[in-house]
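Per-chain numbering from 1; labels A, B, C, D and E assigned in written order.
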Amino acid sequence: MTYLTGKNLFAAYGAVPILRGCSVGVNRGELAVIVGPNGAGKSSVMKALLGLLPSKGEVLLNGKDISALSTQQRISLGLAFVPQNNNVFPTMSVVENLEIGAFLRHDDYQTTLDEVYTLFPILFEKRRQLAGQLSGGQRQQVAFGRAMMTQPTVLLLDEPTAGVSPIVIDEIFANILALKEANKAVLMVEQNAQQALSIADKGFVLVAGKNAHTGTGKALLSDDKVRRDFLGG
Amino acid sequence: MPSFDNILNAFILLSNFVLLPALTYGAQLALGALAVTLVYSILRFANFSQANNMAFGTAMAILLTGFFQSQGWTISGFPTALLVIPLAIVITIICLLLTDRWVYRYYRINNAKSITVVMVSIGVMFIMGGLVQLIMGPEQQIFADGARFIWTAREFKTFSGLSEGLALKTSQLTTILLALLAVGLVFYFLQKTKVGKAMRAFSDNEDLALLSGINPDKVVFTTWLLVATLTTIAGVLFGLDKGFSPLQYHLLLLPVFAAVIVGGIGSPLGAIVGAFVISFSEMLLTYAYKKFFIYLLPTSLEPDSLLQLIGTEYKYAVSFVILIIVLLIKPTGIFKGKVL
Amino acid sequence: MKINKILGVTFVVSLSSMALVNAKSVNIGSLQALTGPLESLIVHMSASADIAAREASDSGKFLGGTLINVARADSRCIEADVAVAEAERLINGEKVIAIMGPNCSGATTAVVNNVTVPNGVVTISPSATSPALSTIEDRGFFFRTVSSDARQGQVIANIAIQKGIKTVALTYTNNDYGKGLSNTFVAAYEKLGGKISISAAHEDGKADYSAEVAALSASGASVLAVFGYVDQGGKGIVQASLDTGAFDSFIFADGMISDNLTKLGAELNGSWGTIPSNGGIADEKWQKVAKANGVKIGGPYLGESYDAMALIVLSAQAANSTDRMALKAQVMKVANAPGEKIYAGELAKGLSLLAQGKQIDYVGASNIEFNAVGEVQGAYKEKLIVNEQFETIDIH
Amino acid sequence: MIEIVNLSKHFGGIHAVDGVNLTIEQGSITGLVGPNGAGKSVLFNLIAGLYPPTQGNIIFAGEDISTLSADQRFHRGILRTFQIAHEFPTLSVLENLMMVPANQLGERLGNTWFKRKAIVLEEKNNQEKAEEVLDFLQISSLKNEKAGNLSGGQKKLLELARTMMTDAKVVLLDEVGAGVNRTLLKQIGTAILKLNEDKGYTFCMIEHNMEFISRLCNPVVVLAKGKILTVGTATEIKNNEAVIDVYMGKGQH
Amino acid sequence: MNNLAHIWQSHRQAISILVMVFLLAFVGINQSWVLALSIFNLCLISAIMALGVNIQWGYAGLFNIGIMGFAALGGLSVVLISAPAVPVAVSAGGMNMLFALFLLLLSIVLSVYLSKHKYNKGWVVLSLVAGYFAMRYFYIDAAQAIEAVNPSKTGYLGGLGLPVPLAWLAGGLLAAGAAWLIGKITLGLRSDYLAIASFGIAEIVLYIIKNEDWIARGVKNVTGLPRPVPLEIDLQQSPWFEEMVLWFNQSSLSLLTEAEKTKALSILLSEYSVVFVKLCYSSLFLAILVALIIMANLAFDSPWGRKVRAIRDNEIAASAMGKNVKRQHLQIFVIGSAIVGIAGALLVTYTGQFTPNSYQSLRFTFLIWVMVIVGGSGNNFGSVIGAFFIWFFWVESTPMGLWLAETVQNFAGTDNGVSAFLQDRAHFFRYIFMGLIMLLVLRFAPGGILPEKDKKL
């Protein structure tokens, strides 16, 4: 049993089934990656775990069934999510964006804020600017920072490197690894499958809403079938 | 070169007839427009029942005023309506929250299209309008008590020795002060408090707000709280200044909406700027500048005609022409508004 | 054609039932603009008319003890199409013997043209003052207990000139009443040598009248003529004028004469206005009746409303029938001399006289005397505000 | 066929497409690859006329079409499909196809009252053509189904089918293979090749599936951060260090 | 219950027609047949108006709340086309006014030219403003001259004195022209902005009609407009009509004595003439409504309709498939508004007078919207049914309110404060009724009484 588990998830957009019984899971101190072709339901898995998408199946956090809880309740239990698009509050300043991340916290979040600034110095520089005026990469960092502000135990990342320059990608992956080292459970959907799988502890290959392959990142990378079908090699 | 006195006279003349009334009217519109814009940006629909909600809040204030007066709970010289405003606000809050619970909530939960909710608000507009008429009857009601003037035009003339007077009404002063206070508090609330920031976050990006642990029900609740407060204050101030009749309030819908749209729907600052654009343009464009220029120009250049740009018959059309021109040049209003 | 036949049968049924009616109660229509821009004035007018109906009905002398039932309908003032439908309901549904109303000139024209003349039903309006109604093709079915605005404009102009007012600023409510009255006033006033410094319409029910007042004031006149409604824009104009100190001397037309206006304060002392009514004994008696029945006096068209209803009742009595045509033939005779004068509150006396076959001359609350086209050529009271009260000082 | 000159599109501070110069040869099948957010779809939208460019020109068959609207470009022969299928959900599959032909007689309001006969004839022809296309793609069984009820893959096919309803010159395919199963994908590939060879369509396609691209495309254009990284054959691209860096990721080869 | 629901689902159309017939018959029997006919006629006019709005909203998603303005323009055209001319006024200021209008037109054409050729929007506005002032120069004298001609009776230019049906057509054209202009300006805006802009423009149109007396006497109203059907009084005096009435009532009249017969005949004549005139109107209006519905349905079942539905489904894709979305929206906006204009013209002809003050947004905009929503947006027949039901309740709400008050009175006694209060304010229930109906429909039958049909090939 993993720390965060989604079991036998089913979901549909209207009449179109999008998840057809897939299962994912991640432990604390572990990085799991979900890969698969477009439309396979990668992002939907995340939404189902967060309760943003009505779904059937079990969602367990630390062994407790949270599938009946609202998104907000799940967040308060330590889940944090960084969406791919629309991931900032555009008419609010950077610092306000980060503060919203700490919305559920009642303690002093200044230390966490400093941590975020150390991680992304550009955010400190632009902390008074409106998030809507930042570039795509910078927004990604704001979103990332906002998620960190909740001091989550589980981080769900939806394509964190999309549209980010290669140098930042490496940095982001480094940060993700750092989070993992800090005993957080990290689950991410990644388009950049090669690189993601190479650092992942665990990988889930999704096809048409079902698990096609599951294994450690290394194992999946070296699986010829997986490579041929999904990694474009 | 006109004498200093004449310049002063011209300025006082303009202030008395244009600037001060426009400021007052603009402040009343601004509060209503702010309420519309809050509903739009957070609950995501154009609320057509706003004007009738204002009538409802005012009706409550009038009933309470009557009750207070009958009990002798008044302060001399001070409008009783202002004393009862907190109570009227509470009743309006309850009314709007019930409306939300019984009507709007269903559509929010079901993710209805914004336009459907607009239709729903038109339904609410009919009901609220009918209800207020049913309760209050059709007659105009004056409920302002206390002193009507801080100083009258005549007093001002005697005091200043100028030939033009500048009257200052109690209702004007309370309107401007109270509106300033209310708008200031709302902005402080939105900018500085945690809940206010949560509301702005919700308005910016609903999904992300949920993901930050913001409780949507609380945001909705707070929004209606604010909206009801602004609505009641706007309605009461307007009624103190100009008297109350249900039909008159219903007709406020257009200028309020015009203000919101001109400013940029969904932008709180825009709503306030829009309200003053509307009120000042109505006054400035239809004012007959003859007397004003008589003060400023030498006698030889004294104008014959009234120097009126547009007849007052077209006063209300003016605000719509401005509305349409603004939309053509900046299709989302002066302060870039939202499009849902 | 089948439907026509069915309809035909129903008519015969309704016809025979009407002939057989055992004269215990009749319906009289009261077609009032209960909702719409004038709704606040109408409440009192409608109540005044009800007094007359009640008075006659309670006397037990109307058509041998027939009771009068007032069938109410809402003419909505500005919704001519609904006014027409409501009139049809009264005539064909409620089977009224005649209609008191409607109020607004627009609705009145529509009802007279489309309903009451084709159906042959008498309509007596208490408040439709448009000059155009004098020449409407009414085939003798339309009367009004007010005079046309053509007259009032003249009267106001005369008084103003007598008082030595040479220049006025004019504002009128933007409807057929306001505009029609202002047209006649301007023509008469300018003919007498007066000068209109500015003439501006105001919309009723709007939020703010500062701009109108600003423009009016800038015209340089010191007297403002307000031809509007007291519960509507008219008062807004006056209030804004007082507030800004723009004017403190006003001329009011009939729609403005009301206690609600004098409430505005002592600044209005010295302003004056006109209201249709001959005053004198007719008015005194009416005031007593109104007070006894709890109707708030002071507003316009109250006595006129009473008279409109009373005339219908008396004409039916004179015809000794509830037949609509018979009633029509009697209106002029009842309203005009010769005969014994009947005032407000004396309907019982009038009814008995008529029952005895004697002639009456109904004077009523507002000195009714119809001219050839069925409208009063009424006089106007000049009212001056003294000590925050309207006082009658002259009759023109 | 299409010449893109110094084309840029900015959204606020974001340079989605940044000074792109590109020529799409007549009769070619050009592949467009790059990481998400590289600006591929934006570039398509600029060519199809759904966005006005911030700067730069698009020249089609010698004519500058930069200021033309989307429908005008359609009439010039430029067609675009969408990554997320843009079907007309309340129309049936057949109707989805029949609405495509340009300037139909029956689309003029007056004709619907006064030229009923001609319209019936025209409709018959369009229907025959649509049924042919459906047969070709082997989805005739779906013809009366509402497009909104189709699966993701079927919608993709419908997108392709629509492009076959008209005499297009250039077809812009946005991830036509995404969410489509392997058998169907092969079939789509064959159809594209056939259209290219038989009817002379020029294609430009955004695709992530390298196998699919290798099979169909030459040349392949790599886009990154709104700029063109490189252009070459599929094999060249796969071995290009820079491309591996930003797109395919390290450790692949 | 289930069974009933099933029957309702499968026979919505038939049942709703039946209910409507029943309601009208109820009025006919309990109140009067003339009233029922009169409600029927206004239902027909409302139905035409709702049809126009439904075409805009249901088929193109255009949120137009300027209906009132188009209805007023339709009404205005009745004055302009069918009223008799006022020769004195025409000679006093006609030429100057014509020139002023020509200048205005010129400036509009110029501004359209400028905007077509991608000039700055500022220039477009400037050319309009300049044209306005140039026009004003000639216009002021002309307007004064015209309005001075016998202001209490005429004071306007009058109309062309042409046959009434031409005026209806012109009503459609005038509204269409205005819609074209408005659409050109506002159709680029998003829905909420379009709504408010159309609301504002409708107000502007009305301010012009109200204050420019030379056009149609402004608020002084034009009354006694010509009608396409005979006058009741004339009918009562024509022998053929009398014969017809006699023929219809042969059996019942033969039972009466001569004296009774004469009297009965005169009453019958007046009743029959009223019914006859109403039936004439009914058939005219019904013919127009049916023709419009047939035309609309023909259009929507054709490739044109397919294109319209495709655009509504997905504007971007339709545009990528070569359909000009903006032009299509403009076309539908113009057609819908033209139909509203025709309805407005019919209404003015029916009441015989043009009263600008009667155009109020509650009655002419929001009420029509209630009809469309309640009837079923996207379904032409639905909007007709909606119009029938809502107009019926609008007219019958006063008697219903009174009835309600009376019921309370019977229940609680007359001395009760509540019943007196209700009696006084009964007529205000109408707004509450309307709002409730709208909310209930939107909640429990969001598609309306007759929801949009699933289109099949």
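One rule holds in what follows: contacts are C-beta pairs under 8 Å (C-beta built on N, C-alpha and C of every residue); 3 or more make two chains touch, one makes a residue touch a chain.
In this text the structure is predicted, and so the values were computed from the model without any measurement.
Under the contact definition stated at the top, no chain borders both chain A and chain B. Each step here moves to a touching chain, and the least such steps from chain B to chain D number 2.
For the remaining chains after leaving out chain D, touch-based grouping gives one piece.
Per-chain CA centroids place chain B at a distance of 37 Å from chain C. Chain centres here are Cα means. That of chain D falls 46 Å from that of chain E.
Here the CA centre of chain A is 31 Å from the CA centre of chain D.
Each of the following residues of chain B touches two or more other chains: 137, 311, 313, 316. Multi-chain contact residues, meaning those touching two or more other chains, occur in chain E at positions 210-211, 424, 428, 430. Inter-chain contacts occur between A-B, A-D, B-C, B-E, C-E, D-E. Within the complex formed with chain C, the residues of chain E that make contact are 27-35, 38-39, 42, 151-153, 155, 210-211, 213, 218-221, 223-224, 231-233, 248-249, 252, 264, 266-268, 270-275, 277, 279, 347, 350-353, 355, 357-358, 360, 363, 394-395, 398-399, 402, 424, 427-428, 430. The part of chain B that touches chain A in the complex is made up of residues 194, 197-198, 200-201, 204-205, 207-216.
Considering their complex, residues 4-5, 7-12, 15, 34-35, 43, 72-74, 78-82, 84-86, 88-89, 91-94, 105-106, 109-110, 113-114, 117-120, 130-132, 135-137, 139, 150, 174-176, 178-180, 183-184, 187, 201, 325 of chain C touch chain E.
Those residues of chain D that touch chain A in the shared complex are 12-14, 35-38, 83, 148-149, 151-152, 175, 178-179, 181, 208-211, 225, 245-246, 248-253.
Residues 35, 37, 39-40, 43, 174, 198, 200-203, 205-208, 210-215, 217-220, 231-232, 235-236, 239-240, 243-246, 260, 263, 265 of chain C are the ones touching chain B in the complex.
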